[in-house]
Every structure is written in structure tokens, then in C-alpha cells.
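Following are the structures in question.
Each of the next two complexes has chain A plus one other chain: chain B in the first, chain C in the second.
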Partner chain A sequence: MAQSDSAGGLPAAPAPLATARRHAVLAVALAAAAAAGLLMSDPYAIYLARLCLINIIVVYALNITLGYAGQASISIAAVFAVGAYGSAVATMQYGVPFVLAWPVASLLAGLFGVLAALPTLRLAGAYLAMVSIAFNVVAEQIFIHGGTTTGGPIGLPAIPPIEIAGFSLTDSQALAVIAACSVLAIYCVASFRDSQWGRAAVALRESELAAASLGINTVRLKIALFFASSVMAGLAGGLYAHSVAYISPDIGAILASFVFVLMLILGGAGTLWGPLIGAGLLTLVPHLLSELQKYHLLILGIILLLAVTRMPKGLARPGALLRRRKLSPVQEKQRPAAQTGAVESVLLSPAPGAGSLSAQGISKAFGGVRALSDVSVEITPGMIRGIIGPNGSGKSTLVNVLTGYYTPDAGRVMVGTRDITARPTAEIAQAGIVRTFQTPRLFADLSVQENLMVGGFSRRPGSLAGALLGTAESSAISALAAANAAMLAAAFGLHDALHQKAGDLSQGNQRLLEIARALSASPTILLLDEPAAGLSHEESINLCTVLERLRAGGLGILLIEHHMDVVMRVCDRITVLNRGTLLAEGTPREIRDNAAVQEAYLGSKAAS
Partner chain B sequence: MNVITILITGLAVGSVYALIALAINIVYSARRVVNFAQGDLVMFAGLLAVALIAGWQVPFLIGLLATMVFVAVLAVAIERIAIRPLPRDESNISWILSIVAVAIITSNAGQLIFGAETRMFPSLFGDTPLVMGDMRFDPNQLLAIGAAAVFVALFHFGLNRTLHGKAMKAAARDADMAMLLGINVGQYIGAGFAIAGMIATLAAFLIGPLTFINANFGFALGIKGFAAAALGGLGTLPGAVVGGLILGLTETFSTTFIGSDFKDIMVLSMLYLILIFRPRGLVGETHVAKV
Partner chain C sequence: MGASSMPPVLEVSQLSAGYGCSSVLHDVSLSIDQGEIVTVIGANGAGKSTLLRTISGLLKPSGGAVLHHGRRIDMLAAPDIARLGLLHIPENRHVFADQTTEDNLLLGAYLRMRTDGQATILRDMESMLDRFPNLKERRKSLAGVLSGGEQQMLAIARALIGKPKLLMLDEPSLGLAPAIVESVFAILLEERAKGATIVLVEQLAYQALSIADRGYVLRQGRIVMQGSSAELLARGDIQRAYLGSTDHGAV
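Coming up: the complex of A and B.
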């Protein structure tokens, strides 16, 4: 019985109520923030508060790409400056009213941010960071040499204040607007994290390979996230320009980017309140420690150095520097997964047009090593095929070719009648072909439930705008995914660990979760890379039962395994590889009795 | 303006960039980090030298040696404090923030200690130009070109042909394995940074007479040095020369024919494009981490 995902199957009551409640809380917070802003009168307090709140917005924007998505692109100040300059120039030189100039400049900042996102499609880690530094420096130069438009190195003075419906806002009123905007920024990022988009972003950070294997189009995801983040930063820039009344190229300098990054990591990248803490502290502390502007940078530099050298794993794991993450004791039991009917029922509706997976004449060489030579294999729904062979025989290479991680030198891979040779992994996964990895690549920082929700993202992502605004539709999508995830977890005996971080699970449970997660992406053909490795005898029997039930539900399975008892028990047909070539193909009995196979792999006296 | 003069100027500027790239590549060879603070070290060395030689009237050679020792020690301290505590994982970017913090601290400390004004660096040759036929050369430029060539050759030989050099490279490739083989990895990394400090001093003495010394110019200089290193190929010493010279010539020729406004944009855009389309640089062959 396939799971229905039509609207009629939704749990009706909770979602709209939760959404309404959230929106009510937001409205109250907005009103409170605005009131607080209006009540301030001391100019220095207003100045500090304004700086603080604008920094908060920028750092929340940075949290989307650097914190949650883990993309080491650190040119946030450049897009902030585009928003600032854009709005200032539009109002001062083209007479555009603020209410139009401000959002348009932010959209421009968003597009500029997409430019900054392009390197992320090919690079990661340190190289990406260095490219983004170069990008930021070039951008800064454009502001410095922008002639009369940008005011050159001196910048733009006398920027008009925020003007709404003909009224110029006073400092307090502007502060109220800024305070409301920062509350909104926090709300948006919180909603984002709680949505499928947020889970996909964290999945991207934890393992881009695994995310792609679940059908997530990582290119589109990155571009969308950078666009959203840059629009937010651009909005902050516009607010800054019209409230401070003077901007110079400094605001877009690489140094400014580093300060924002420092604020994020100090407070805790990838956390909900981290940006607030970091931005707040690092804006206020230098001012409190010394009124002398000339010491502020030195203080910031020292704090940055201390922060970075004190973090035990650097920026590898998100988490607050100032607050230790409590490690909860792991308390889960390994439960047999075979619950009657449970496993088949979680097979979600298959991808349209799906069919058999077949590879014909696949050859692949790496330098001088022929990993695969003219290998053909076919898996149809409702069958389990085993792939066995000595180490180095090309089993994993074959799976990598089938799922698009490698391009074969020769041969074709087809799903039904569709040629998917060398298509991107995400596209192949969307066509119904999903794999697991030899070493589990779970999204360690996501809970078990969230790991199982990521698989539904590519089918039903919902809109990013909806995710940011926390619409009812976004909540409904999450609720459905959560319900499916809970069912999957129960079917695999992981229900007790539903809210534990996947990284805290035992080895055996991690492997089960890896399989369950692959199922959450609605595959028609499942490719399992040594799922029984390291399992005890009882666990192996569990696994066999799970596989048999999945087959009964109509799934096709390709099983790479060394555990002969598992292979012989569940497989309908077995393909034997040896040194990249097809050695034999047949039923388990035929393979067991095959002399060549025995000599190459099973041993001359194979136990039956 | 004479093409030859422009060429020589371009080569001289390029030679200084090559020296900075050299230092960056040596550090990269010892410990896979790009020393963005190299430019600030140069400026700090320059400020210190000016204070000693012009301010305290210390003899030129003694000033040079004293600065070199001080900055070398400073560089080793930077390695101990800012780099050693960090994980070696290639996907981790903590070292970038750490080095940048060092750059910020160095330039601001320099500003606070020596003042924010721009300094003139004492020239070995005074103000007399070198006259050959009907062309006049700035002897400082020729010195820069010559000195850079000599030092690059020296270090290229040292890094690739001597046992110490190979040990240093091994330390960067696989520190654990190197330690198992008895290589004192910490010492080699420290040595790499010390050398970077010495080269920074040399660069300061060569670039000083050509332009000005100012605590705020350091980071931009470091970025350009990085551009030169990346252009040629991170970690390769011939790459430092190739990258540095190309950069210097590009900058000088665009200043002359397009105007000085866009020279930085040109240079930095080259860096951006190289990092995206050919991360290993023009000469380099090293493995690059990609997605």
C-alpha cells in the first residue's frame, strides 16, 4: 500500500494552528521591537542600537549560507554594500522613492550574490574561501573606482533618511523600522531552518554527495540560498545607508566580511541564536572597552584569533563557542525491524516512468587501471540482484557509474527506455535510482527524523519564500514529510531514536538509517553498498527480512555484499565480477556450483 | 614613455610580487596554508627598518640584519600561536580566519607603534639614476629584479634538491607519515615561517625605495602576492616567478595605457578567474581539492 501524498491524507488540525500561533508571536515581537525603538532618545544609544541591529540582520543572512549550508563563501559585505549603494544612488541620483529603491537595490544585491555563488558549484573549503576573498576585493575596487556614481574612495555623503509616504523618519522612527526588520530576519531564518529547505541546506553541508544521491539538485539549492541570503544582506545595507546618511567603500571591504564572519562563528554558526549573540557582543564590546576607534580593529583581530584557535575542531562542526553543546547519553536498543506489513507500507509512490535499471557494456579506466571492462547488468523492480567479487573487482565502481558519480568510457545506463548515462546524480535519483554508501554518509547533525525527511525535498520542496515566511503551506509540507519519516523510522526499529542526532547512533543503527533514508527518496531501484558489513548474525538476519519485504513491496534491489549467507539467502540472481570483468551470472545455486567463481572468490570448497 | 622603462618597471614590481609569492609558496610547501599576512609582514619590516635606520641612525647593514631577525622571530611566533593549534583538514577554513586575524593585528599594531603616516625608505643608491647611453634606470629596480632572481633560484634549489627541502615538503603532504619517518615536522614548519619572515624583510628593503611604506598597504600587498602565487601555481617556486612577473607587467602596462584606476581590478580579476578555471595555476601540477 503506497503512501498517499494528496491533501486528503494530511493531518488536518495541527499545521494551521501552529502557523497561526507563530504568526501571532511574530506580530507581538514586531510591535515590541518597534515600540522599543520609538522610545529611545539618547543619540549615542540610538547609534549603537542601530549598528547592532543591522549587524544582526547581516549575520543572520550569513548564517543561511555559511552556517546552515556550510558554504565557505565569505563575501557577505560585498552584497551588503550593493544594497547600500544601490538604494543610496537610486534615491539621490535618480529620484526613486525609498520604498521602491530599497527593495530593488536588495534584489540587485541578490543577483550579485548569485554571482558570488557560482564558484561554490565547483569549489569547496579553503579554495572557495580564497575565491570569495578575491571576489570581495574586486567588488570593493568597483566601489572605490566607481567615479561620480559611487562617489569614489570618499563615498556618498548626505544620503536622505528613510522616507515613507512622503514622511521622512526621525532617528527614533528609523530605529523602530530597523528593529522590526531584525525581528523579521530572525523569524525568517528560524522558519527557514524548520522547513524542508533548511533540512536540505544542512544536508548539503553534512554531505553533498549523499544529498545528491537523494535527488537534491545541489546547484539550484546553492544558488537559491545565496540569492535569499544576499537579498537579506542587501536589505540591511539599504537600511544602513539611509539611517547613517554616509557610506564609503569600507562597508564592502573584505575586512568587513571578516568581521561578519567572526560575529557568526563566535555566536555559533548554524545555530538559531548564535548570530544574535555574536553580532550583539562584537558590536557592543569594542565600544565598551574603548572609546578610541583606533583600537577597535586590534581588539577584534585579537578576539578573532582567540576564537579560531580555541575551537577544538575549527569550523568543522557548528555550535556556539561560548556555549558547550551537551552530549546526551545514547540510549537506544537495537530492535528487530521486521514488523508485519510495516516495511512495505512505507514504500512511497515511485517516480513516474520508472522501470528497470540496466547497464550495457560498461567500461571504465582510471589512468592505467581498468576498473570495469564491458560489464552488463540488469535489475528489475521486484527482484534482488547480488553483486559479488573479490576486492578491487569493480563493484563500487559499477555502482558509481550507475548512479552518475563516474562517467563510463564506454557503454550505456538505462532506466526503462531512458538513457541516463553520465547524467547528474540528482537527476538519476529523481528517476528512481537511489544508493547507499559503503561508509554511512548520514547527515550527522540532523536528527534521525530529519534525515528521513530530506529524501522528500526534491519531490516537494515548496517555495523558498514560503519557507522563509513560515507559510501554512510550508508547515504542511514539513508535517507530511515528518509523518512519513516517523513511519519509516518505526519500520526500521528506529522510532525510539527519532529525535536523536544521527551522528550519535550506534554503527548498526546508522546502517539501518542509511537504508531507510534511501527509501525516503521514493526509489524504484535501490543500490546497497555492503549494508551487512560489520553487522552481527542477528542483525544480518534482520537485514535479510527487511530486504525480502522491500522486494515484496515492488522494489528492485542491487546488493553489493561480501556476506555470502546474506547474498545466497535473499538474491534472485547474482552477478560475479572479477578484476573488472563479468565472470558469471545466474541464480545463487548456479553461482555456488560454478567452478570459475569458486576458484576466484568462494574458495574451492564453498560451504553450502 | 619608453617601452624599455615600462618593461623594467614592470619587471621590478613583478620581482617584488615574486618574492612575496615565494614566501607564500614556501609556507604553503611546509604547511598547506596561504599566508595572507605576508604583505603585512613586509610592511611591518619596512616600518621597523625605517625606524632603525632613518630614525635611530643605525648603520644600514645592521638595520637590515636586526629587522630580519626580528621579523623571522615574529613569523615563527605567528606559526606557534595562530597555526599550530588548528586542524590540518583541508576542507576546514579556520586557518584563513586565523591568518587574517594575524594580518589585522600586525597592521594595526604596526600603525599604533610606528604611526599611520607614510614613510620614505632609505635607498642604498641615494637618488642618482643609472645612466646607460641615453636611457636612465632606477638602480633600485634593477636590484629588485636581480635579487629576486637570485633568491628564487636559491630556494628552488633548496626546496627541491636538498634533503631538508624534501623533508619540509613531506611534512606538508602527510605530517603523520613524516613524523613516523623521524622528520621533526614542527621544526620544519617553524623554519618555513622563519624563512617567510626573512624574505618579507628582503622584500621590504627592495620595495621600500620603489614605493612607500605604510601600515595599511600590507593586506593589499599580501593579496597581490597571493594572486601571483596562485597564478603561477601554489607551492611551486618557478610559479612564483611566472606569476609575479605576469602580475607586475600587467599592472604596469595597464597603468600606463588604461589608467591607474583599473589596475587593481585587472589584477584581482585575473586572480578570480584563475582560481575558478585553473586552480593549479599556469605552472603548477599539485592536486586541488574540489567538490
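Coming up: the complex of A and C.
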């Protein structure tokens, strides 16, 4: 894997670190598992170790969807139970051998998990959590009322042990298998986080809107992540059923889901080591205090209260809440912005013969308010079109219609000869139309470099399986994206901040990063919504230079902006909107001399 | 300037502040007298917003003091500072998105509910809407569906209706059309004529200095220059660094 060579002299891709981290995981975990397996003879200790390792797998699975991707669907115990019941029923009642029943039941759990996750496509946050709780309750009832198949409220006793190639494993041999599986689970999740899939997942959590604007098909991404996570939880369920030998509906109860969520939150959602810490602590502590068994729930409740109030980001990053609040812009070195690299070199594919973007006769009303009526505008590659107009004149609405956020009441949006009216945002982005937002929507928790890598995901995602297994191909895809990101960062004068979190950048640099990130999705037409807002005079000048270079590289740009010095300097054509209608269209000179524009927009100084 | 016997509305003395390990403000001292418009200019990341956040209690200083009419306020919590009449309009608007324009304005008058009658407040709301015609048109709309610029206007109007003793604005021009910037600045001048005291942080340094009485220049967390607006506008180094072309609005 000579992947970092392609980056040349640029800052190294994160790959070497990631590989080192993975090796460390393997070494530590294997050593621990081997020691545990050899030393343990006490059946209770073996039982506890098994439980702990199985919980670790489940919480790592949950970390993919809830931790990294931020999807508050929490019916993980039901998914786990589908894996457990599926494998138990298949072996006991249909005589299917374990080696076949286990993976098939896990695939079933995967499908079940996707079904449970379907509400994520429409809902978010608390509503999603509510729906998944309801789903979990329904699943629990099915296990309870499943008759002889599920054993009803009593469950299924005497499940045969794990059997491989005709040999039934003893308890300590089973423990070794489970340990190996949990090591593999940690390895897979670590590889996943370091892959483009992992970055896309975090992007989804940080801003679904921005992720879609970079061409990420968020529906497909969510389904894939839930499938992977649920298969993993299902595998854990099968291991549980065949090693503990007894399952009951309790294992799939909503309470069990809460405990898994609590383990993740206590340890640190979205961290690599949080699930290990959380699952380990919350499995062992209640059992070690076994005389307090009747206070089990009370103890869990108190731990949850303390965790959420004292260290909301989890044990795996205890300092996080003390040192950094989200709003804090850290002082940065004054950067020699945009003078460093040739920005046009970062236009990955100058899009030969790419179509122009045109809006034809767009109308859009909100309630009684006509935001746009019969507006037409065209942007061709290699031109900068300015859109100006008073506040509330429909400029941002137009961008939202062009990028599919709003469905127009009338009119069409075309790229070349292709009609993209009201298509999903991700599809429009893949057609080369990429936007920025008026208030930057960066992936605040990702580094500058990772923000710039997400844009490459839709073009070259690789397979999710490859990402989980950390294949050479997956690493190579990441390395390529990292090299592109470093080049983009250099072109925008952000190379010193490459490994800083995007949320810690100053306002000015956040705006630059938003433009750079949009470019990382290889647009042919770039839509900029007030990129110079909040920029100082010097920064505005730099922005002009960047825009001019991008135009020279063949990019078409639509520029919404109130800084007239910027607009008049860089635009080839200007469209003026007023109250949702076209007030004027022309060259900067024509617009400047237009009396109607002066009155409606520019103000008294321009008239004098 | 005649020596006034009253202590200044706001005095910031050797203030230091920052986030965690990174300190942003170093030894910043400034004072603002009754009825003045004072502007703070400087590049992005110079600490302008941090200064306002520290004065309004959103951030605790690591050193120095903030005094209001000679009384230390840097130990107070943000709501208590607001209750004293020191109002801060942060950079990112923060309007109440799920409530109407009118309700946002009424909430801005929340602290006046007990002292002034409802009738007075409703009258003030009408006159505020008259001063912001865009908002008047959208008076029944939810704030969340207003355009970015309209939300900015709403944030300003909501602060003004609270009759602040000291108004601190962080980049009020952000996202506003040039003509609206002019009218917002004109409103600030009217407020001063009525006796308001205003601290204005702005990227549009030329316009800010045009309406301000005095200005401070912040660079990397330190005050590097101060003076009357006329003095600052005349300085070559200021023009080059912060003003650029002196006619942003006039193209």
C-alpha cells in the first residue's frame, strides 16, 4: 500500500496513523483475550467475560448508526434478539447447523434493522427515537406471543452450544471465539471510521443538508449503515444464544436497548474507545456489586444522570466539555489567503462540454407570499452571474429551487438538456450543481481535511464491506481523497489548519472552507450564497481572486452577494430580483446605471 | 471632550479572555460614554466578537474588569447583565424561528412588561414595524421563514424595542442589501439622538466609522489604535488595512 506517495510533498494523508491504530487495537485485544481465555476456569468469570465481550460487539454496532451517523434509532436490542432467536430456532427446530444458522439469522437481523430504520428516512431526533421505541416494543411483544416457536414469555432453554466442523465448543473455547469476534468488531469499526464511509456518516450527523448538497445519497447511506450495524448486532445475538444456552424476550426488550444506548453514551458516542469502556463498565459493575442486584436499575439511572450532566461527551473524551464549547473561534494566524496555489488546478474535472444551468419561468409561493414569480436565469460554464436584490427578494429561494430543496410551483430547471426540476439534492449535486449556504454548514466535528474529503464520497465510495474490513482499496480511496483535500486546502490558504476541527476556524476561514468543500464535489456550476458576508475588505479581495481563477478554469458561478465591490468586480452578468420578480438583467455597468436598481437596492449613495 | 462627572456607561479595563487554553483578548481597555456610538474594527479573528461576548457575560474573562456606571459587572451572569440594559445582538441572529415576527418583537420587550403597560409596548411595536418596512410586510410570518437579511433586521428591531441602555451589535450589516444597511445605520443614528449608547462591531469599517463618534482598532486581541472617527478615517494605514475602497455602497 504505497498510498501516501500520491500526495507528493503535501501533508500526509491520515492513513498511516489509522493503520497504526488498527494494529494497536489488534495487539491489545488479542493479548487480553488470550490471557483471559487461559486464566479463566471459574464458570461465573467465563460467563461474565462472555457477556462483556458480546455487549462490546453490540455497542460498537450501535456506534456506527447512533454514534457516528447520529441517527437516533435505538431499537438495537430487538435487532440483537432477532439474531439470537433466529439462530436458536433454526438450529433447534429445523436442525440447521450453527455455521449456517448463525450468519443467516444475522442477515435476517440486518433486514429487520433496515426495516426498523425506515423512519430515519423521514424523521430525525426525538421523533425518530419515539418511533424506534415503539418498534422495539412491538418486536418484544412478538417474542412474547410467538407461541412454541419463540417459547413465549419463558423463552427458549437448552440451546445447543456453538458447533464448528462437528465439534461442540466448551465454555472456554466459546469464550475464545467470542473474544476473536469482538476484536474483529472493534477492528471493523475502526477501519470504518477511517474510511470514506465513516466520514460520510459523520457528515450525515453534522449536517444532513450539507451532506446531500455534496452529492451524498443520504437514503442509501442510512440504509447501508443500518444494515451493517444490524448484521453486527445480529451476529452478537447468535453468539449470545449459543453460549448462554437460554434466551428470553427480555434480551430484546426496550429496557435492554436503553442499556446499550447508555453504554454508548457513557463511554462516548462517536469515539473509537467509548463503546469498549462503556460496555465494559456497565456490564461488570452491576455484576460485581451483585448483592445490590435489586438496585440494578437505580444504579444504572444514577450512572446515566451523572454521565449526561458531568461528561456529556463520554468517558472516552472527558476533557471535551470543559475545554471547548462549540461556539469558540480560536485565534488563527493571519493567512496569506489564496495566494499560495493555483486554485484552478483543483477543479478535478473541468467538465468538457458540461451543460449550462438554466431556470426557466420559475414561480414559488409560501402560503400567501409569492417568493418568486416567473424568474428565468442562466449560468454557463466559465461565467460568473451575480444575483442581487433587496432582502427577501427571493435570491436564496432561487438557489433552493435550483438545488432541489424546494419544488417550484411552475417552471423548469435544466442542466444542459436534462430536466432536474425538484430532483433530490444529491442527484443534482452529482449532475455538477453544488451550492454553499448563507450560514456555513460545515461538518464542525471533522477536521478541515476531512471536510474536504467528504465531497469525493459520491464519486468514489468504494464498498461498505471494504471499508469495514479496511481493505487496501478502501485505504487507497481515502488516500486519494486526502491528497485532493490537501491540494484544495493549500489552494485556499487553509493548509496550516488542515487538522484543525472545522468548527474551530474563524468566520472568514469557515466561509473559505465552505467554498473549498463545494469544489471538492467537482461541480461544473457553483452556487454561492453570500460568500463575502462577514469577510473583511482584504478577505473579500482574496475571494474575488479565487472566483476569477475558478472562472478561468471553466467553472460557472452563480453569486448572491451584497458586497457591491465584489459583485461589480467579478460578475460578467448581473440579475436583479425585487419582490420575487426580475427587475433588471445586464452587465455590471448597465446595472449600476439602472435607475430602478439604484432606487430599489443600491440606496442613496449610488444615486448621488 | 469635557470631563464628565458621571462614570462612563461602560468601562473595560485590562480585559483578558479566551477559550480554554487559547487566549483571544489581551489587556483590552476601552470606555464608552453616555450617548456615544463607538465602533470596534479589526480583521476576522482579531477578537471583536469575543470582546462583545465577554462584556455581555456569555464568556467569563480570565483577567481584568468590566464596569457599568462604575459598578463591576464581570461577575454577573448573562441574563443579569441583560437585565441591567446591556443588550448584545450576536452575529448569528438567533431569532425565535417558530414564532411570528410580532411575537419576536414582543419577546424583545419582555423585560419592560412589568414596568411599561401592554398598550405602550404594542405602540412601540407598531413604530418599530414602521421603521422596518420589510418586517411590517411579514409581521404575521414565522421568523424562521424570513430571508436571512430579514432575520437580521428582526434581531436588531427585537433588541431596540427593549430600550437598551447600551446596545452592542455584532456585524449588523451581515447579509443586508446596501440600501438596508444605510437605513439600519440611519436608525442607529436616530437611536443615539434619543440618547442611546451603542457599541458597533463591523466589517464595513468605513460605514461604521462614518456614523461613530470614536473607534478602536483591535488586532490579534489587542487594542492597537484608538481615536475619533475622523482621525481614524484620515489615517493611511487604517485605510489600507481595513477600509479599502471608501465607497462600498456606492460602487
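Heads up, the rule we're going with is that the second predicted complex is superposed on the first by the 528 of 608 C-alpha atoms of A that agree within 3 Å, B and C clash if a C-alpha of one lies under 4 Å from a C-alpha of the other, contacts with A are read in each partner's own complex, and residues count from 1 in each chain.
What we mean here is this: a contact is a pair of C-beta atoms (placed from the backbone, for glycine too) under 8 Å apart; a residue touches a chain by one contact, two chains touch by 3 or more.
Given the structure is predicted, the values throughout are model-derived calculations rather than measurements.
Trainee: Based on the superposed arrangement, let me know which partner A:298 touches: chain B (first), chain C (second), both, or neither?
Mentor: The answer is first: A:298 touches chain B but not chain C.
Trainee: Using the superposition on chain A described above, determine whether A:535 touches chain B (first), chain C (second), both, or neither.
Mentor: second
Trainee: Return first, second, both or neither, reflecting whether A:258 touches chain B, chain C, both chains, or no partner chain.
Mentor: first
Trainee: With both complexes overlaid on chain A, does A:507 touch chain B (first), chain C (second), both or neither?
Mentor: second
Trainee: Considering only touches as defined above, state whether A:396 meets chain B (first), chain C (second), both or neither.
Mentor: After superposing on A, A:396 lies in contact with chain C but is clear of chain B.
Trainee: In the superposed arrangement, does A:564 touch chain B (first), chain C (second), both or neither?
Mentor: second
Trainee: Quick one: classify A:142 as touching chain B (first), chain C (second), both or neither.
Mentor: first
Trainee: Take the contacts of chain A with chain B and those with chain C, and give the residues found in both.
Mentor: In chain A, no position sits in both the chain B and chain C interfaces.
Trainee: Give the list of chain C residues in touch with chain A in this complex.
Mentor: 18-24, 43-45, 47, 49-50, 91-92, 134, 137-138, 141, 145-150, 152-153, 171, 174-183, 203, 205, 220-221, 241-245, 247-251
Trainee: Along chain B, where are the residues that touch chain A in the complex?
Mentor: 34, 36, 81-82, 85-87, 89-98, 100-102, 104-105, 108-109, 111-112, 219, 223, 226-227, 230, 261-262, 264-265, 268-269, 271-272, 275-276, 279, 288-291
Trainee: Show which residues of chain A lie in contact with chain C when the two form their complex.
Mentor: Residues in contact with chain C: 322-325, 328-332, 334, 366-367, 369, 388-393, 395-397, 438-439, 506-509, 530, 533-541, 562-565, 568, 592, 600-606, 608.
Trainee: Can you list the chain A residues touching chain B in their complex?
Mentor: Going through chain A, the ones touching chain B are 72, 74, 118-119, 121-127, 129-131, 133-135, 137-138, 141-142, 145, 208, 254-255, 258, 261-262, 265, 294-295, 297-298, 300-302, 304-305, 308-311, 313-316.
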